[in-house]
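If you scroll down you'll find the structure; I have some questions about it.
Naming follows writing order (A, B, C and D), and every chain is counted from residue 1.
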């Protein structure tokens, strides 16, 4: 399996994702520079955390226009897997691959902590190895992780089971406690918490590892079906 | 041609920053303050373009980059 | 009485946020843009006060809380 | 004689020295360049003479003081670069940007050595937060500024300290420390060597930033420039991220001879320092320097302190290679001059020579050096007097203990460090909140432990002893995590060196640090001095902050301070003495900041530290924690918080009960071990003659201390923890 980690000039969790795939999962992974035009041969694209282009105006606002995002859209349109973590989630909403938007945390502070999440659905390629309703601990580190969407969008997401993770103790004011969602096609995931920071016991937590293993499972399954 | 763009949160979106400032003002004794909302002011020097062109550019800039219309609205002013 | 306060960085202070946006606009093809500066727009509802009082309050609020005059300047407008 | 020199802070004698260097009168640009470079901030003219008290060499020292950062070997061809720097004044007037740009500056010092920055720490001091809205505003802004910069650039902020004391009311302290990792053969220095090599400029454009103060006053400024100067700037962490990545990538190509950040005194300092360390000379043209504003004078360009700029010394002929990499990161590199060997720093404005002087004469090697008068202040003997009767013994120890635990200085600082991304780069093995932060070193079994420490009340009451204690306390923190202490960086924050009593404090502190570092074999590899931290009414407490790094050979063996399991045995190592002087207890509950600072025996200290390291190495300890502010009782409580476990403690003592609980006697640790390990641990203690006392056991959920068989503290850990964690947030309301 081959993963690609997009590198915007202000990405800073790119190496964390890279090592989670390479060292923990033992799979192939490559950095993809933000002005790359074509994405060939990647099974799963990761948009990592960070501050894509400084994010001074709004998180993800400038990244939306980077050359690689057109290619990411094509990749997603082909039904292949995309995951946006933290800043990556913000970019995915800006570019329209996921609904809603992320605004300043309700307490106006950056929050770095490990928080409990509830797995709301396990019928996605990203969550299949979790139990539905399971509580997992995953780190968060963001200043703008407060998810907002209009009521209709929220309703539709609920009906479709697009909400994959919710916060047990909502830290940032997100509507419906949303921590992570997928698109209708269920091949694009966006989440504020950082599963790549929770893949090794030495870091005190490996609850995030199953998310990556779920992806591997899904990829292996789809290979068999081909 | 110079322009000012004002980007504000839609009324339906909560503005915790505004609320925080309202509270702070309350503590300083300005208990009359009923609402505070915070927006962005973006001042641009568009260089040597016609007014018509400036206007066309501004709309595109706002829709595409300066505001996220899912949560924000914008106004601009050419000066 | 409602008011708008505009807080901007003093001209002499570098505005990296504005510069970053100018660069982004440049990449999007707006190479005519010569300068971008980012400020804050603060909309206040001052409740039931006279215009004179509003004005007096605004000056004090700006000096004390809304702007840090070491690096910023402010303007206000009563509407 | 032209006496405009006074306006740039130059004395008559110093001016004569300039005349000797030049053999003529300096022009205004030259005079201003001497003015900034010979200022205390750049030349350390008052402090340099004392640095001979510091041990600065050792087997592991790859770079001692004198460069942008110090470097210490950790084995496996790897080394750690580190430095601390103050940004006190800017933070006092614009807390967010002041603190943010402080972080930005120290990061540049680290990658200027070629090292990849991997961790940030900070040490903060504020005034009376309970009484002053202004102080709250400063705390809020400083913490957000540190977070804003570090989080954006993606370097974890893994540790630090925050203390409050009235002496900082008018003068907060904001010191930032950065730590980087580097392979031995990649170490770079700020050297301008190789005649004909190019001087290239990268990063933000130069504006009229940071040119307040005496040194700038003499220039005849246009009205426009007068209103345009400002001492505070807006940080640009995104630009810094680009600069950092570009520089680190450039270093891989071998085209870079040297690199240097543009910090205090901007281009002036960068040029004369790199020239002095290299071939000796340099010629640059100010018209080639990218400028943000129109009409800037050469002196403005040479003195500007605009942030996020670097100078590269590039091998001749490889400029385009450099440009290409820099442009990939969205930046520009511009050649502004060349390396020469005539010993002159020549500044041109186009074809005109605007300044021409011996490069070394500006640098600290050519700057004047002073041995200031010092005098023991009167308070020093007076405050040592403390009568036991002045201290009324508390009635209700539960209440007293809770007051201490929830006081601003002892309560949990999670309100602060949860705003810092302390996990990015996924190497933080022990997060903020323990004695020291521990980071793994990827690709090895090793870890490094980091801490920054200083008890400034001790340093006020006894600067020499207090400073020694700051060093040994830093070492204790590292040792408790299983790390062998290697080296320190020091941030020396003091009042005016021109007042003999303040200078006495400084001198004593330097001697105290030097002595402790020699004893512990932890050389001083870098540091910073910040003087003039005083207002009209008072000076700050002398505050020598000690940043220390240690190495853990096997990261799987690192240890933390929290109790791990009910049933484990709790042991006190070291001896509690009748020492309440300078304690947090005395200050917080009795309003007294006086008495003798606890005594320190280096012999005992070293014995204990060695013992802890051995015991951790052998896997005998479940937890280890040093006893510092708040004494034994608070140390025990801190061990309970993380897992919510309790303790059942019995103390037998001849001391007064408040002394037994709250004395801050040095060289003490609380450790815990499993019942199985106890015998072996006791053997080891006996063998190494470690004073120790079994205090009791780790239990389920109650925190109980009895002294001489009467229960005096009985609390639910749950309640204790909630109050301790929530206290800071309450303060900030």
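Some notes on this structure:
As a working rule, contacts are C-beta pairs under 8 Å (C-beta built on N, C-alpha and C of every residue); 3 or more make two chains touch, one makes a residue touch a chain.
Because the structure is predicted, anything quoted here is derived from the model rather than measured.
The interface with the greater number of C-beta contacts, when A-C is set against A-D, is A-D.
Separation between the centroids of chain B and chain D, computed from CA atoms only, is 40 Å.
The distance from the centre of chain A to the centre of chain D, with each centre set as the mean of the Cα atoms, comes to 36 Å. One finds 10 Å separating the Cα centroids of chain B and chain C.
Chain contacts: chain A has residues 53-54, 56-57, 61-62, 65 touching two or more partner chains. The set of chain D residues that touch two or more partner chains comprises 236, 238-239, 330.
Multi-chain contact residues, meaning those touching two or more other chains, occur in chain B at positions 40, 64-66. Here the chains touching each other pair up as A-B, A-C, A-D, B-C, C-D.
By the touch criterion stated above, chain A contacts chain C in their complex at residues 53-54, 56-57, 61-62, 65. On the chain A side of its complex with chain B, the touching residues are 57-58, 61-62, 64-65, 93-94, 100-101, 103-108, 148-150, 173. Across the complex, chain A is touched by residues 9, 12-14, 16-17, 20, 40, 64-66, 68, 70-71 of chain B.
Of all residues in chain C, those touching chain A in their complex are 16-17, 20-21, 24, 27-28, 38. In the complex of the two chains, the chain C residues touching chain B come out as 6-8, 18, 21, 24-25, 28, 30, 32-49, 57, 61, 64-66.
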